[in-house]
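Take a look at the following structure, please.
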Amino acid sequence: MKYPPSLVALIRELSRLPGIGPKSAQRLAFYLFEQPREDIERLAGVLLDAKRELHTCPVCFNITDAELCDVCADPSRQQNLICVVEEPGDVIAIEKSGEYSGLYHVLHGVISPMNGVGPDKLHLKALLPRLTPGMEVILATGTTVEGEATAMYLQRLIEPLGATVSRIAYGLPVGGALEYADEVTLGRALSGRQRITK
Amino acid sequence: MRSRSANRSGIVMRRRVTPAGDIIVTLLTPQGKIKAIARGGVRGSQASRLNLFHHVGVQLYQTPQADLATVQQSVLEGALPRLSEPERHPYAHLLSELADALFQEGEFSEQAFELYAGALRGVSHHPDPEWVTLVMSYKLLSLAGFAPRSRQCARCAAPDPAHPDPLGGQLLCGACSSQPPHPAERLEFLREVPRRSVRALMDQPLPAEQRPGVWRSLERFVTVQIGGVQSWRSLASSLGGEVVSA
Amino acid sequence: MKYPPSLVALIRELSRLPGIGPKSAQRLAFYLFEQPREDIERLAGVLLDAKRELHTCPVCFNITDAELCDVCADPSRQQNLICVVEEPGDVIAIEKSGEYSGLYHVLHGVISPMNGVGPDKLHLKALLPRLTPGMEVILATGTTVEGEATAMYLQRLIEPLGATVSRIAYGLPVGGALEYADEVTLGRALSGRQRITK
Amino acid sequence: MKYPPSLVALIRELSRLPGIGPKSAQRLAFYLFEQPREDIERLAGVLLDAKRELHTCPVCFNITDAELCDVCADPSRQQNLICVVEEPGDVIAIEKSGEYSGLYHVLHGVISPMNGVGPDKLHLKALLPRLTPGMEVILATGTTVEGEATAMYLQRLIEPLGATVSRIAYGLPVGGALEYADEVTLGRALSGRQRITK
Amino acid sequence: MKYPPSLVALIRELSRLPGIGPKSAQRLAFYLFEQPREDIERLAGVLLDAKRELHTCPVCFNITDAELCDVCADPSRQQNLICVVEEPGDVIAIEKSGEYSGLYHVLHGVISPMNGVGPDKLHLKALLPRLTPGMEVILATGTTVEGEATAMYLQRLIEPLGATVSRIAYGLPVGGALEYADEVTLGRALSGRQRITK
Amino acid sequence: MRSRSANRSGIVMRRRVTPAGDIIVTLLTPQGKIKAIARGGVRGSQASRLNLFHHVGVQLYQTPQADLATVQQSVLEGALPRLSEPERHPYAHLLSELADALFQEGEFSEQAFELYAGALRGVSHHPDPEWVTLVMSYKLLSLAGFAPRSRQCARCAAPDPAHPDPLGGQLLCGACSSQPPHPAERLEFLREVPRRSVRALMDQPLPAEQRPGVWRSLERFVTVQIGGVQSWRSLASSLGGEVVSA
């Protein structure tokens, strides 16, 4: 049996998406086949709309559909605090935590020589003109070796400019038990302990 | 009961997180190179242990169906946190990429593991990580059977070549090369690196101004013999003298 | 921070797809954002193409883009053997096994009173005119309670028409060990054992 | 810190048990430490009792504490039906299914040249004297390559003796859907289909 | 079929162990049956030895086989630093991290009124006489609500005694990505960020 | 495609970690009480979200075979970190234990959810968490159908009882009780608590010295009507005047 070319094409395109294996792509294709035409058209529409309307903010490289992103355009955000993250998804994660009211800077990656990503491939240099003395820059890249290397690299660049640099805390996740933490994290949680007596 | 589990101890040379949250690692172990997957690992404590350049013990589970072994458990056996420092990080990447290219899955080599482990330790602790990288890169190449020819011109086989080979990264005679000869110290290093011990080589570091020539030779030799290596890009400006390209 | 509406719409539509949770939808949306315009247009295109061109075969209710599906249109398939399955995806699964060369009949569901699916909601009646005495009908609905009920319902309908009815085998999966099988399956594997001596 | 030797010894012995990793062994050791002395003594007692009292049945090699195992000693079991399994645990699995009332023969392994297990390492030969013409032998070794090879080897030995040989069914597990079955199993489920019309 | 009582007893005792379900207990029992007598005797022996020789240290309530535990007996450990943990297993976890050279205090639980565990059920009071002004107490109970409540309770008790109190860091585990951290932890990682410029 | 998933939003009333690292939670939701398991949850980010007293949205997956639904995903909808404070923690436990005992799986009650959620919020934020707990405990009891009799003596049904009932925690007439009558304010509270609004009750807190009598009544009433409650132990000394038993 030969499958209809338009079905094959659909399965192939779906299986290119991250996290969707060939089996799920096939299941998804059959699911989509069963849906009413309007639903498919709406899905295709939002795909095209999103691609047409979204771009990166020229200041912080967050995703936006406006001239400036919603954070950069909001004067009530703390202007002397910039949180540097790897990806636009990290902005959403931090916003959801509700603990942050400063600005962002999205690198769109981490330094990883073996993957051919040097500092020049990231939105790294564009951070420097945003800094003024007295500002605080929070390095919130991941806690992998590459994320740590990117943070250290940034620290060297930023320090001479007179901004305060800080790094998000390493430690135990909330709700965790010590015995399920790995040794490295546990070591960092101990050495990074915080005084709670005045 | 049949067992499809095996315990291995090795260094994480590569690490990739899939969109589904699995971690795929390539380990160099004394029993050879291994590629394995930690399912859902990014959400658990394996994310920490299976970090790049970590020395880990892993329990692997292999089913006949799957092409990748699964990491069941892992314990940390050693970490080199200083490899994140900007003046060390690109070197650790280069050495890992080289080792990954040089050693194949299924090849048993305790020496390869020891050499790579020693190289990372050196880059992490030694005050001159650049020199460690130059020495250990050549040592890794030699172990894998890629020692540059150094007694004869790489093109015409004339004895005692002393000139750079701008294409192949080996040594050429004066007739085959249009470039001036290597300075004496650099020439001695390039000639003797496959034969001398790591310790002897480490004890005689080249002065900084002679190293770019070694980097160029190494880069050419690796590119011709093994193929493209991504980490060169980040080292590009280090060939011009700076430590990190910026 | 407010997210751009087109991003929100994209995440919402993606999270409606089966098997894609809110977190995966967000990750997928950011992934799509990073892709070149052509790729997005191609994805939207295949979605619309598939919806426009695909329909069910009027004979067997398999998916096709032609008048008849590829199986029904192929005279070399065994014409006296029909395999009844729940979904179009099952046809692909059976074709991949390479063990079958007859025709199909796709019900597009199983009888499930609790979910409001009675026999009339399935392409069930359309099977009967396809049957002739001497034909074999293989009931390859799933081995769930509903699949089994659907198979029994079909058996009652088909038997009076003089066709042979058979049921796919219950048993151990290939590559399995007894100790990992559940008792019910193990019982079926024993009672359904096959003589291998002549 | 050095751990007390008796704690270290306990963790080491526990981690030798199959399916118990080093982390679980440690957790288990601490758990045991917290239990009352009587519980530990009872556990040690049943370990020693089991080792002292249990042995394999001289007829079928099932586990027993008596001269003959409970199945061999039961005259109400069907005497002309023998089910050949790999391990004593398989006997329990089949008994739980409630679908079987014959005798057993436990091989204590499967033929696996790669692991140095030839036919002579198994309780294979002892099966032959138990057979009489007209008897049925059900080969219920696993459906792995080794289980299948062992079944075929047995078939060759048994056939000349005039016993009927049968093999447990391959097929879909009860409660399964076609789309989750692998192609090989699906192929066997189709080719092993059973007629349900009279 | 009735199973031999000593086998049944063994399976029952094994399945009482934490993390060992009935299926694993059965598998373990069959495994033990196949092992040489000496191995079983050694396992039973270490169980009894461990129970006989191990007890809690009268100073810190860690597990030991001596008068004092190995940490309390070691004069080279930092004597002005006490790390308070929930369970003896936490001591091992911290020792493995290699980042700690002080003393311990093991509570053997956390305050949890709904489970009937009040402060009086824990080795809590015994901590107070160990404290001297200028000492540091690290509260390393878990980061659950109960662990946090126990830490706060201890803080109130300790503060008046003039000891410095600190809490292990909450934050991202090493090797983690922001997008996989939950909002609560991410919020703590941000608010607990550490300055890295001098 | 068939779906066995459901989304629910509720508060974690109980949480237990199994030795295998699974988290078993009991949630109170507007659709009733639910018990579910997050497999391997203690190693992942669900450990944080499925924390005690957290308000979470969960995606549950139920198979016909399993008795416990599985938590597939969870999102945090609200946290009350102050419930860890020593002067609030035991009250949150008591209210959770009460709610867990009072409401059964399969009972749909938006009111129960709102009352319990409000009680926890109150204990977390209100300057007088003890008073919140007394008021809300009686309110939870009333909603579940366990309002103490207050117009008639619990033993002989005589009108206007005013004396403590040392066994059953209700009100007795002077003839049936050997104890002196409740002071006027406390009596009014015990009489009116089922009928008055939460707001009205909160606005008229009893002075500290009259509360131990209410605690004793509540404890007796709960023990007789519902059974043993573990959290009393930690509150024991609070009945004597101190906030937390120490």
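Going by the order they are written in, the chains are A, B, C, D, E and F; count residues from 1 in each one.
Rule of thumb we're sticking to: a contact is a pair of C-beta atoms (placed from the backbone, for glycine too) under 8 Å apart; a residue touches a chain by one contact, two chains touch by 3 or more.
Per UniProt, the chains are A, C, D, E = Recombination protein RecR; B, F = DNA repair protein RecO.
Just so it is clear, the structure is predicted and the values come from calculations on it, not from any experiment.
Distances between chain centres, each the mean of the C-alpha atoms, put B farthest from subunit F (DNA repair protein RecO).
Of all chains, the one whose Cα centroid sits at the greatest distance from that of subunit E (Recombination protein RecR) is C. Comparing the chain pairs C-F and A-E, the larger number of C-beta pairs in contact belongs to A-E.
To overlay subunit C (Recombination protein RecR) on subunit E (Recombination protein RecR) by their CA atoms, one rotates by 180 degrees, a value rounded to a multiple of 5. Each chain gets one centre point, the mean of its Cα atoms, and the points for subunit B (DNA repair protein RecO) and subunit E (Recombination protein RecR) are 40 Å apart. Inter-chain centre distance (subunit E (Recombination protein RecR) to subunit F (DNA repair protein RecO), centres taken as mean C-alpha positions): 30 Å. Across the assembly, subunit D (Recombination protein RecR) contributes residues 18, 27, 31, 87, 89, 175, 179 that each touch 2 or more other chains.
Shown for subunit F (DNA repair protein RecO) are the residues that touch two or more other chains, namely 1, 19, 43, 45, 48-49, 51. Those residues of subunit F (DNA repair protein RecO) lying in contact with subunit E (Recombination protein RecR) across their complex are 14-15, 18-20, 45-46, 48-49, 51-53, 76, 79, 81, 83-86, 89-90, 93-94, 96-97, 230-231, 233-235, 244-246.
The part of subunit E (Recombination protein RecR) that touches subunit A (Recombination protein RecR) in the complex is made up of residues 83, 85-87, 89-90, 93-94, 96-100, 138-140, 142-144, 147, 155, 159, 163-179, 181-197. For subunit F (DNA repair protein RecO) in complex with subunit C (Recombination protein RecR), the residues that touch the partner chain are 1-3, 59, 72-73, 75. The part of subunit A (Recombination protein RecR) that touches subunit C (Recombination protein RecR) in the complex is made up of residues 1-7, 9-10, 13, 17-19, 24, 26-33, 37, 40-54, 63-66, 70-71, 74, 87-89, 91-92, 95. Interface residues of subunit C (Recombination protein RecR) facing subunit F (DNA repair protein RecO) in the complex, by the touch rule stated above, are 18, 21-23, 115.
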